[in-house]
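What follows is a single structure, written as structure tokens, with notes after it.
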Amino acid sequence: MSNDILVGIVMGSESDMIAMKKTAEVLTELGIGYEAKISSAHRMPDLTADYARGARQRGLEVIIAGAGMAAHLAGAIAAHTTLPIIGVPLKSGELGGVDALYSTVQMPTGVPVATVAINGTANAAYLAAQILSIKYPVIRDRLEAKREKTLRELVEKSEKLSLELRQEHPE
Amino acid sequence: MSNDILVGIVMGSESDMIAMKKTAEVLTELGIGYEAKISSAHRMPDLTADYARGARQRGLEVIIAGAGMAAHLAGAIAAHTTLPIIGVPLKSGELGGVDALYSTVQMPTGVPVATVAINGTANAAYLAAQILSIKYPVIRDRLEAKREKTLRELVEKSEKLSLELRQEHPE
Amino acid sequence: MSNDILVGIVMGSESDMIAMKKTAEVLTELGIGYEAKISSAHRMPDLTADYARGARQRGLEVIIAGAGMAAHLAGAIAAHTTLPIIGVPLKSGELGGVDALYSTVQMPTGVPVATVAINGTANAAYLAAQILSIKYPVIRDRLEAKREKTLRELVEKSEKLSLELRQEHPE
Amino acid sequence: MSNDILVGIVMGSESDMIAMKKTAEVLTELGIGYEAKISSAHRMPDLTADYARGARQRGLEVIIAGAGMAAHLAGAIAAHTTLPIIGVPLKSGELGGVDALYSTVQMPTGVPVATVAINGTANAAYLAAQILSIKYPVIRDRLEAKREKTLRELVEKSEKLSLELRQEHPE
Amino acid sequence: MSNDILVGIVMGSESDMIAMKKTAEVLTELGIGYEAKISSAHRMPDLTADYARGARQRGLEVIIAGAGMAAHLAGAIAAHTTLPIIGVPLKSGELGGVDALYSTVQMPTGVPVATVAINGTANAAYLAAQILSIKYPVIRDRLEAKREKTLRELVEKSEKLSLELRQEHPE
Amino acid sequence: MSNDILVGIVMGSESDMIAMKKTAEVLTELGIGYEAKISSAHRMPDLTADYARGARQRGLEVIIAGAGMAAHLAGAIAAHTTLPIIGVPLKSGELGGVDALYSTVQMPTGVPVATVAINGTANAAYLAAQILSIKYPVIRDRLEAKREKTLRELVEKSEKLSLELRQEHPE
Amino acid sequence: MSNDILVGIVMGSESDMIAMKKTAEVLTELGIGYEAKISSAHRMPDLTADYARGARQRGLEVIIAGAGMAAHLAGAIAAHTTLPIIGVPLKSGELGGVDALYSTVQMPTGVPVATVAINGTANAAYLAAQILSIKYPVIRDRLEAKREKTLRELVEKSEKLSLELRQEHPE
Amino acid sequence: MSNDILVGIVMGSESDMIAMKKTAEVLTELGIGYEAKISSAHRMPDLTADYARGARQRGLEVIIAGAGMAAHLAGAIAAHTTLPIIGVPLKSGELGGVDALYSTVQMPTGVPVATVAINGTANAAYLAAQILSIKYPVIRDRLEAKREKTLRELVEKSEKLSLELRQEHPE
């Protein structure tokens, strides 16, 4: 599995790259192969449709789509494939990402998009990994190792915090 | 002009028909030919794209798209034609139409949708007529006649109202 | 596969059952085995944690959690397993489900919830099926058959609509 | 056509000029003549009414109105002409432009405003061009050329992005 | 003073009459003369402007304007007179009156509208009376008498409530 | 303790009684004495201030204030006592209770209000009991007994649900 | 009149002074006497009540109250006097002033607050002047002179703008 | 009492420490002992549950939980103890803290969270003190002393303000 490209990352415009890099980083950290593309639902509609239609055939198993404003990208891809599609509403424009959240999550019956938080670019990768984990036990193992590592780090930070707050406010 | 079909009305689902009927009625009242279709952006993406791509060729000059929730329909059509597209955000689901409004109006640069009010089905027809009026003087005349009629009716209602309120609260 | 229980449906309270029944119906229609439970994150926290912790072991591959208001259920389950968790924000209380949407989707890094629309109970089932489809080709086939059926039905409805609108407004 | 002034750009205050310049630039790029004015609905109501009333006579075919807060400008102009009016809700004040969006889009029956995104100043010009394109084939040609150019640029950027992300995260 | 018409009540459409009747009733109760009109800012713009321009001349001292959706009426009147204008945002359409609230209250510098609550039709009358009270001591007296009456009534209700709750839940 | 009146319930108007009855019922169920009053912050300001000022003296230990719209009641009471004040934002008017929520929770430094959910009338009583439980062990015992009872009931309902869903969709 | 203090300006905290200075400046420009105070509804409730109760007696005719967050100040003053109270919702905290807007405008029947825009500090002064203008003709004259001055300035700016945009985009 | 740790401060992540320090400072100022921990509801669910379950036993009487986004921390703690829990919704992510506010305040019946303002970290401490004051008279005394000090300071600032505004705008 480790050499396969299992995840497609698509984004609605060039400016989304800064946010979506985080998605790529987490997938790399979890050892999951991916490919990345700009594919605007409105300015490249035919390429977007082609990409989605051929995705399962080419071996992709999850597609992550990040877009802002009237964020139709995840939905436009979901319309052309029955693969699980993860939508990342990106903050952009003047509405703080609520527009993108509503445009991504409020999909009609039969064509769902698995939506994560506004700018939840890391979580899109974690969700892709959790989906893949039902098929690839090695990904489950990596996810569980990662969770334990996070837990250990937080416990350490918590201990440090207790000390700090105490030192600053000695009774 | 009067026998031509100049306006395409598309709606995202069967349940939008009740609302979009008003659009058809106003176009009929203004003597503008139209055709109506269900064309879900997510459940009929290829037919929707084909419809938009061929629209100008087939003589359409304005397309009105009504959809609710993650209302991608107007945007999906706008992606495939340079005709003016009017989007009607429809109330549906639990967010009162704000989701549809944001999904319709917050379009990216280069692919605008002319958005009207939530459930603004009559105004979609009036806007289509105003657009057509730059080319067809007869439509301009009908619009102006309609405005004057509305004005006269409101003046009458206002006079009736003055009387009513006075009678109920005589000093 | 067909006899296995692959999907867990949990809901925050008894009153969520009416909405979540739709999830069960769609899974049944797609031939996917499920189990259903009430498991309030706040009033049954230990049982909820136990359920999530043992889920993968017991053969579950996707968990669907529906809850309203401060909808912590999907997140509380996601905290105890690396299985993919689908969250359905349910309308309940006075905020139209926006509270449940935010509480479900805005998860911290490392613990994502795949969120669907407010009251998107059918789509939770479709998303579960799409996730399972990366492992079980038979589910992919059923999803694709269902999509084609939906398409055919919509095309028929569209044709009927064209006729109806024309008859009511003959030129 | 190319020497005619077909589009009027009006804005509610001096401070809107920075945003509305973009509208002028896109019209210039598409070879469409325009005129620009400050015309506050509230502080210059009579001049605004006069401007709108005489607009069609003076050869204007579309008016673009940009305003913030209780953005009445587009509506005030629409009240005095049956030309198509495009409203650009501008971000200004403390509500992020939602106030201007609602004030612009929620027009009463008979007096529509074709609303674009908050600060959608470029799209106001594209929409004006799409409206004019039903009468002037040369504008349709320019719009289509522009779309193809945008498509080519995005395809190139997408290819560059694929390379970049790969180089940073070599497997 | 008591025979003079001091307050003008205007409303954006016929359907606003049910709400605005309350305004008339409270003015009547306080013995303040008024006149009432429909005067749509968008469908009767010239009559609305004329009405506002001549208002002070004709003896009006406060104007109350009630309108829904893109509620420009209060602002359109304020643009033509320096009399104090009270705006009542009316619930109408699908946004619960937030659109009308923003359109009424977010006025630009120099042209304020004294805004009351959504559907605050009674309070519009009380506010008009409070404004008039700085000139007419008799109105101040009536307002103060009314407040004392309200206070006495509430105290009585409170006592009744204490008893009721106690009887239903005896210890 | 059981005969003492430890909790004051105040509400902004007569119409809030239907909602606030639930608060009284839960307190009764937990064996906690209370008194109930109407005390509008705006229409009975002096009585409200007096009530708050004397509350601790008269033996009250928690005050629960329910109010809608610009819900100042909890804050107005908090301004006059250092007792813990619980605010219940009530749905009323056209904003679904968000106005009351913001007016209740967004208090300035030094004068907090312990805010519960919109219409969270039962929870106001539970919170009062939890506060009192730090002083009265018997209330802690009753709260814990109540929680266990709720848990048992939910487990039973969950089992019934599992059966029901299975019977309706037998495989 | 010119030496009298007719307007009281109160603000909820020290930090509101920067915003409320604008109110004082506009009153000064219009030659209207004022006094200014900090008077927190929650941290100085008795002084606030005293201030409101004695206001009419001491010759005040309008009170302007600016406050942020759970902005109860205007309402707390309105509860103790029948003078017209103008509320300025101030942006402060994390909700952009919507909390202050709702807390200021959504007042109960009988105790209205004349609300202006979020941070509408200049307009609070203009509204006070418009209210006073029904009693003091000299203030009406100054308001009308100010409006004409504004109009002339805007016309000049509009002409400059037309030139500028033309020079930058010569055809 | 003064040496006891009565208050537990928990926060969802390391980045919340900057905000929550204020809580610790106010408690210190009021002479109330506390302990502080990071305890993510989603990344440390078992430790969070253990902490809550043992809290009363270990002598804690109030727990303050600060968290952002889908802020489940306060609710997760409330699920495991009948102690009073104070929730501080923290601004974090792109929704300005409204997500955290809804996730904290909209709790189901039986498991309330005493919610303070978004980023209301100081008020969380004041509320904890007010709760403790029903049991520890010394805390009541300190709270009342603090309120009087605040009042004196505000009165001084108000006097300074009156002078300043007058000097800048001499008549």
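The letters A, B, C, D, E, F, G and H name the chains in turn, as written, and every chain counts its residues from 1.
Convention: a contact is a pair of C-beta atoms (placed from the backbone, for glycine too) under 8 Å apart; a residue touches a chain by one contact, two chains touch by 3 or more.
Everything numeric in this text was worked out from a predicted model, so none of it was measured.
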- Query: From chain B, how many touching-chain steps at minimum until you land on chain H?
  - Reply: 2
- Message: Which chains sit in contact with both members of the pair chain A and chain E?
- Response: B, D
- Where does the A-H interface recur among B-D, B-C or D-E, taking recurrence as more than half of the contact pairs being identical by residue number? B-C
- Query: Nearest 5 degrees, what's the C-alpha rotation angle taking chain B to chain D?
  - Reply: 180
- Item | Chain whose Cα centroid lies at the greatest distance from that of chain A | E
- Message: As a quick test, compute the distance in whole Å between the mean CA positions of chain E and chain H.
- Response: 41
- Task: Calculate how many whole Å lie between the centre of chain C and the centre of chain F, each centre taken as the average of the chain's C-alpha atoms.
- Result: 34
- Item | Centre-of-Cα separation between chain F and chain D, whole angstrom | 51
- Item | Residues within chain D bordering two or more other chains | 13, 40, 43, 69-70, 93, 95-96, 98, 105-107, 110-111, 117-118, 147, 150
- Name the touching chain pairs, would you? A-B, A-C, A-D, A-H, B-C, B-D, B-E, C-F, C-H, D-E, D-G, E-F, E-G, F-G, F-H, G-H
- Item | Contact set on chain E toward chain D in their complex | 12-13, 40-43, 45-46, 49, 69-70, 72, 75-76, 78-80, 93, 95, 98-99, 102-108, 110-111
- Task: Over in the complex, which chain B residues touch chain D? Could you list them?
- Result: 56, 61-62, 82-86, 101, 105-107, 109-118, 120, 122-124, 126-127, 130-135, 140, 143-144, 146-147, 150
- Item | Residues of chain F touching chain E in the complex | 3, 9, 13-14, 17, 21, 24-25, 28, 33, 35-40, 43-44, 47, 69-70, 93-96
- Task: Write out the stretch or stretches of chain H touching chain G in their complex.
- Result: 91, 96-98, 117-119, 147, 150-151, 154-155, 157-158, 161-162, 164-166, 168-169, 171
